[in-house]
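Below you'll find the structures, each written out as structure tokens.
First chain A sits with chain B, and in the next complex the same chain sits with chain C.
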Partner chain A sequence: MSTSRRNVASFVKDTHIRRLLTLMILWMIFMAIFRFDKFYTFLNFQTMAAQFPEFGLMALGVMLCMISGGIDLSVVGVANFTSIACGELLKILAERSGELTGGGILLIMLLGVLIGAFAGIFNGLLVSKIKIPPILATLGSYELFRGIAIIITEGKAVANLPIKYAETIAGKLFGIIPIQLVFFVVVVIILSFLLNRTTYGTKLYMLGTNKTASEFSGHNTDTVLIQTYMLSGICAALGGLIMLANYNSARADYGTVYTLQCVLIAVLGGTSPTGGKGRISGTVLAICVLQMISAGLNRFPQISSFYIPLFWGGALLLVMVWNTITVNGKSGGGFIRNFLAQLNIKTGSGK
Partner chain B sequence: MLKDNILKVVDIKKSFAGVQALKGVSMEIKAGEVHCLAGENGSGKSTLIKIISGVYTPDSGEIHFGDKVYERLTPIESIRNGVQVIYQDFSIFPNLSVMENLAFNQELANKRRLVNRKRMRQIAEEAVAKINFDIDLDAKVGSLSVANKQLVAICRALMFDAKLIIMDEPTTALTRKEVDALFRIILDLKKQGIATLFVSHKLDEVFEISERFTILRSGEKVITGDTSELDNKKFTYYMTGREFEEEPFVPKNVSEEPVLTVENLGMNGFFKDISFSLHKGEILGITGLLGSGRTELALALFGLQQADTGTITIEGKPVKLNTPQDAIKNGIGYVPEDRLTEGLHLPLSIGENTIAAELDKLSNKLGVFDEEKKKQEINRWVKELAIATPDPNNACSTLSGGNQQRVVLAKWLARDLKVLILNGPTVGVDIGSKYDIHQILRGLAEQGLGIIIISDDIPEIITNCSRIMIMKNGRISAELSAEEADEQTLTRYMM
Partner chain C sequence: MNNRFFKDLTKRNEFYIFLVIIVMGVLIELRSGQFFTPNNIVDLLSALIVPGMFALGAFMVIVSGGVDVSFPALASLSMYATTRILLDVNYQGGVWLPILMSLAFGAILGAFNGVLIATFKLPPMIVTLGTSSVFRGIMQGVLNSKQLAVIPKGMSSFGTAALFVAENPQSGLTSRMPVAFLALVIVLIIVYFFLNHTMYGRGLYAIGGNEVSAHRAGFNVWLIKFLLYVGVGMISALAGMIRASMMTQAHPTNMLGMEMMVIAGVVLGGTAITGGAGTLTGCMLGTILIVMVENSLILLGVPTFWQSFFLGVLIIAGMGISALQVTRASKAKGSVVREVKQ
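Moving on to the complex of A and B:
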């Protein structure tokens, strides 16, 4: 499996991947017919490459947790909490030294990653040691992080940040490649390596397929779970740091649609909600497809952005139904129910 | 005494996606007989049953019920002709009470829409009375033991004027006592003129209960005959087409010093005062009824549960086994009772499953795999244990039961173990693979491994173990050498 996971032939054979490729090509043809000159520009692709890393990073974390058989619904909370904390610190740093240095930015990022790691470890402890079902544990911690963020900011946006930070993180490498994309690519490479070449990856897939058998093979499953949620927390924190740069501000309720979008990406990319299955390549492809669709929709002024949650929610359910019929066979029914239940919780608490 | 056939199938053929599951099978069942249908996994037993019960339509052939002839049969027609199948999962509603489970079908058949509890109780009482089954009708079926669930299913089957009851491997999850009770019921049904088609691959059961037998192999009928003409060797030969001669195991290289010593081990509510020692080169058998504490003892030796009292010593050093990691570090491996839910990661590759317990040995300190070493290790074990697969990258779920069990074995052999504990090493494994697995275990003992086999399968224990420990109510009730052991003695100490 570890060799076949990297195998190009099996990549194209994978039903999820084939479906995504088909969807992508159809959408590209659609855009070519109706908005060719507005969609197929260098600038548009550059903009898309700068936009998707913030939620793409979060989706990678969600994917990891889903491979373990769980889920991380707290990613947006972690991201906003991180960006608020780092935003406040940026202001302090800038006031003290007047000018923000490269070293200062690095320090801020390091802090952000640490916050993400701790938030993730917190989730991991809830899931592994206390044995709270991941949906509940991370939904609870999402509200917790959001709540802390609201209290810190009194519900207002953290603004008036030193412009140097946004200029650096939302800048362009060689004037062409968005720095956000560089972050994303580096994380993708690291995670691919972790999943395919290390004992951690193998243990994660094993844990996801059969936890008891992992324990009987002497794996410390608690450690694997904590590591997984920690990685997810770090990914989310990086997403938050990028959001901070993209909006040049931070707020407790930025990016709330991303939670569902991340789950949608993971499932579209072939990650199994029951665990044990999922690959980076599928997830990355799903991220690209979703970004293209949302960027494409923006080219139609008559379609309001109010429709986006409806699109994503509908798409998630459709994919699950499709999976049940084509891929998962008979075992899928229960997960549709699970996901419906999740959606209810989400819409209920979003108010 | 000549009896009429109640069921006759003639030249049944059936294929699935190009694979011929049945290649022209004929058989007949007489009124009131107990007929055993035996065969290895994949021999076509289940397909044949599903054709008789109308679930599958045969490609060709005929099904006769008395003088009625069918070329295709629906499940309803099958039931009307008196066929009832009791599947392994019993198809009952666990969240409903015994009474509701028993009365529902009849209520539905009579198109009653309103619930009348009094009438339902009466129906249920009549149903259980048929086999003198003493049960609380208000108990939830989900809370019953496997044996009682099965009896509920049998009661329900009898409500439809059954002439033939088909039981698909009914004894798999039963204890010996429960099997005896089931057999009494089958004999009782026989007296009432109801025939039983008993599907099994357990030899002793075939001998004990059936008058006639039919053996299938690879979709063909090998033989039908009277059980009285059958013996152990013939049975195995018909089933597998191979001949096996299993000599009793005689240990050759038994070490002077014990590799594992257990003293006064106890776990509240499960076992007490367990003391024994295991030498290298020995195969120690532990047997006992379900609930005798044998499984808990094994779990305690592997660190999955903690003993409250007593000591465990490995090669003279006292050890604390709080987690499986501790046990593995001390050279103990454990092949669990249920390989599907506890032993394997079925969707993952065969290769990954073989190295599951030694991941840390195939990687550097940071946990990065040495890919070359990993590949070599996988190939080595696939070859050494003759795991039948074209490619170790295939999912483990593609393997047969016997081969899957080899993968679980490989997982442990890949580590340098001192003690290997096997809980039911050949449950659900066909005879051929069972023999091979026994040979592997004997070879390992000769190479100096200390082996503990925990098993229900008394012949397996007697032929393969050099010493046998019998557990009863959480204590050791006897320890015998292989020469002193025979089935009667063992059963006596177990009960």
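Moving on to the complex of A and C:
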């Protein structure tokens, strides 16, 4: 992949990122005019930094799968499944030993990550070995994970968790930085290392650009796909663990709006739904912009929360239309590329 | 009977799905003794009306190579808007105006999908994910939807009108066969006619098989896709209308989330998820199977919170079988890539 200097240069040149930066500045000006005293407080920014990691982590997973030419719609299911399983375990652990230790929490988190990894591998197998189109496979597994979560809880919420867990995960590092943000930053660093500095990253971009070519180059595309969905599962599980701490409870239908929000974030951040394109920096920026907008909207009590799906859905459609008109058209031959991309999908699905 | 007939039959997906339905029916009958009773069969058929109509729409979209997940939201929005407007003007007439209005709403909303997918060539799944969210936002935010306990008289009398009444001789329970079942039959006949006896239907299958080839063969891909989404919008809106009529109340959110169940049924019936292949018989049989599973879990004494799990298993199994068939078919045809590899 490219060197870091080229990364910085192309970061500023990237149309998606310029657009996001413009949007962010405009929104900040808007908020400064209408709700300056309520929005520009240290506490507000601290709260935002504690809120976005839960869906931010899921969005990173969705982005990875979209780069591979697929998508992962099961992230919310994996997150809820993980948080319910870990919540139940936390309760058992707290009952057994009375006091929850730091080691106990670490153990539970490792287990959560493991659950996420297995769920992701399951998705990866469905997509790579059985060759179910990713969208349908992950929607099906979403239903499956949700089903298991409902069976565990009998449809009720997991509550009365030991407070120690929420205190630890939803706490502040040095009293300033939310621990959730630390998790997010660590995952971002690991993922950008994987994407930009390892052969896995190169293979992933190649797979997303042209699966057939990637196969002919001798890559084991099945392995790359399974790895990708596994990473997405782990990200989602971490998101679930953070949700468990933020709400101090778990339920099978928490965070259902996040599915669409994650797809929106990935597309806003410049990830192409047909695969092969996308970068961490764009996605992180999109996550921040979305969090700022939704936190800002909360400052206007007259806007009902029922409008949120309208905003996100509308934004997703607008951005995609905008992308086909401007970004693809400007670089010339946008329609030809679309045409070729469609051919790839056809050959990729074994036709 | 000649052997050839049976040989052909055993090769077809529909035959196996039919066997599965029979076996399941017998199992449920053995367990509960309540399956092959006249009232249970009528109950199943009346539960089939709305999912069946949705399935016809979903089937056509999948045949064209896309996936539509927006139809429950589309149906809810057009149903709710129609009912609300008619209640506001205190409408007292028959069922025709509500039906025409919901068809019009469905066509408009479907055209919205159609423009995004056909004109801008965006991936259907992501577009419909977005539009379903927009439709829901319009319904719950802009229209500020609430459950309407009263619906216009014409609608509720249509929904409760019965073709005939079936009675269970042992328990004395009765079930009404709604007139609305005729709507499913009519839509089924229309879809059958379009798919099998018009150039439009050929075009739909051709696009699903290979869009580029279809274009080269002279099909107007844009028009076929656009009309497809308009038509599917109309069918879905009609289904939403019928559901509200049958429940004699307008519940804005209880159709949401049906999309996966419907798609699973279509795919279980042997429709290729990659498009271009599938039969209406398979589509309806698959939907019957799903409706049976949903309705019969209670007869089997399975707690309701297992439903989501079974649905997930069915979806993945159905799609897995369909995907494996596609792979096997392309292997049999000997696609160039595989030949070179071997």
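FYI, the second predicted complex is superposed on the first by the 324 of 351 C-alpha atoms of A that agree within 3 Å, B and C clash if a C-alpha of one lies under 4 Å from a C-alpha of the other, contacts with A are read in each partner's own complex, and residues count from 1 in each chain.
The working rule: a contact is a pair of C-beta atoms (placed from the backbone, for glycine too) under 8 Å apart; a residue touches a chain by one contact, two chains touch by 3 or more.
All figures in this text were calculated on a predicted structure; none of them were measured in a lab.
S.K.: Applying the touch criterion given at the start, work out whether A:220 contacts chain B, chain C, both or neither, answering first, second, both or neither.
M.R.: In the superposition, A:220 touches chain B alone.
S.K.: Determine, under the contact definition given at the top, whether A:151 touches first (chain B), second (chain C), both, or neither.
M.R.: Touch status of A:151: second partner only.
S.K.: Could you say whether A:174 touches chain B, chain C, both of them, or neither, answering first, second, both or neither?
M.R.: neither
S.K.: Looking at the overlay, what does A:198 touch: chain B (first), chain C (second), both, or neither?
M.R.: first
S.K.: Would you sort A:212 into first (chain B), second (chain C), both or neither based on which partner it touches?
M.R.: A:212 contacts both chain B and chain C.
S.K.: Does chain C touch more residues of chain A than chain B does, or is it the other way round?
M.R.: On the superposition, C touches more of the residues of chain A.
S.K.: After superposition on the shared chain, which partner residues are touched by A:277: those of chain B (first), chain C (second), both, or neither?
M.R.: First partner only, chain B.
S.K.: For chain A, what residues appear in both contact lists, the one with chain B and the one with chain C?
M.R.: The overlap between the chain B and chain C interfaces on chain A comprises residues 212, 215.
S.K.: Under the touch definition given earlier, write down the residues of chain A that touch chain C in their complex.
M.R.: Touch residues, chain A against chain C: 71, 126, 130-133, 135-137, 139-148, 150-151, 154-155, 212, 215, 259-260, 263-264, 267, 273-274, 304, 306-314, 316-317, 320-321, 324-325, 338-339, 342-343, 346-347, 349-351.
S.K.: Any idea which chain B residues touch chain A in the complex?
M.R.: Touching chain A: residues 302, 304, 323-325, 327-328, 334, 336, 341-349, 351-352, 356-357, 359-360, 362-363, 366-369, 371, 393, 395, 411 of chain B.
S.K.: In the complex of these two chains, what residues of chain A are touching chain B?
M.R.: Interface residues on chain A, with respect to chain B: 1-4, 197-200, 202-203, 205-206, 209-210, 212-220, 276-277.
S.K.: Quick one: in the complex, what on chain C touches chain A?
M.R.: Per the stated touch rule, the residues are 67, 69, 116, 120-123, 125-127, 129-134, 136-138, 140-142, 144, 209-212, 260, 263-264, 267, 273-274, 303, 305-313, 315-316, 319-320, 322-324, 326-327, 330, 335, 337, 341.
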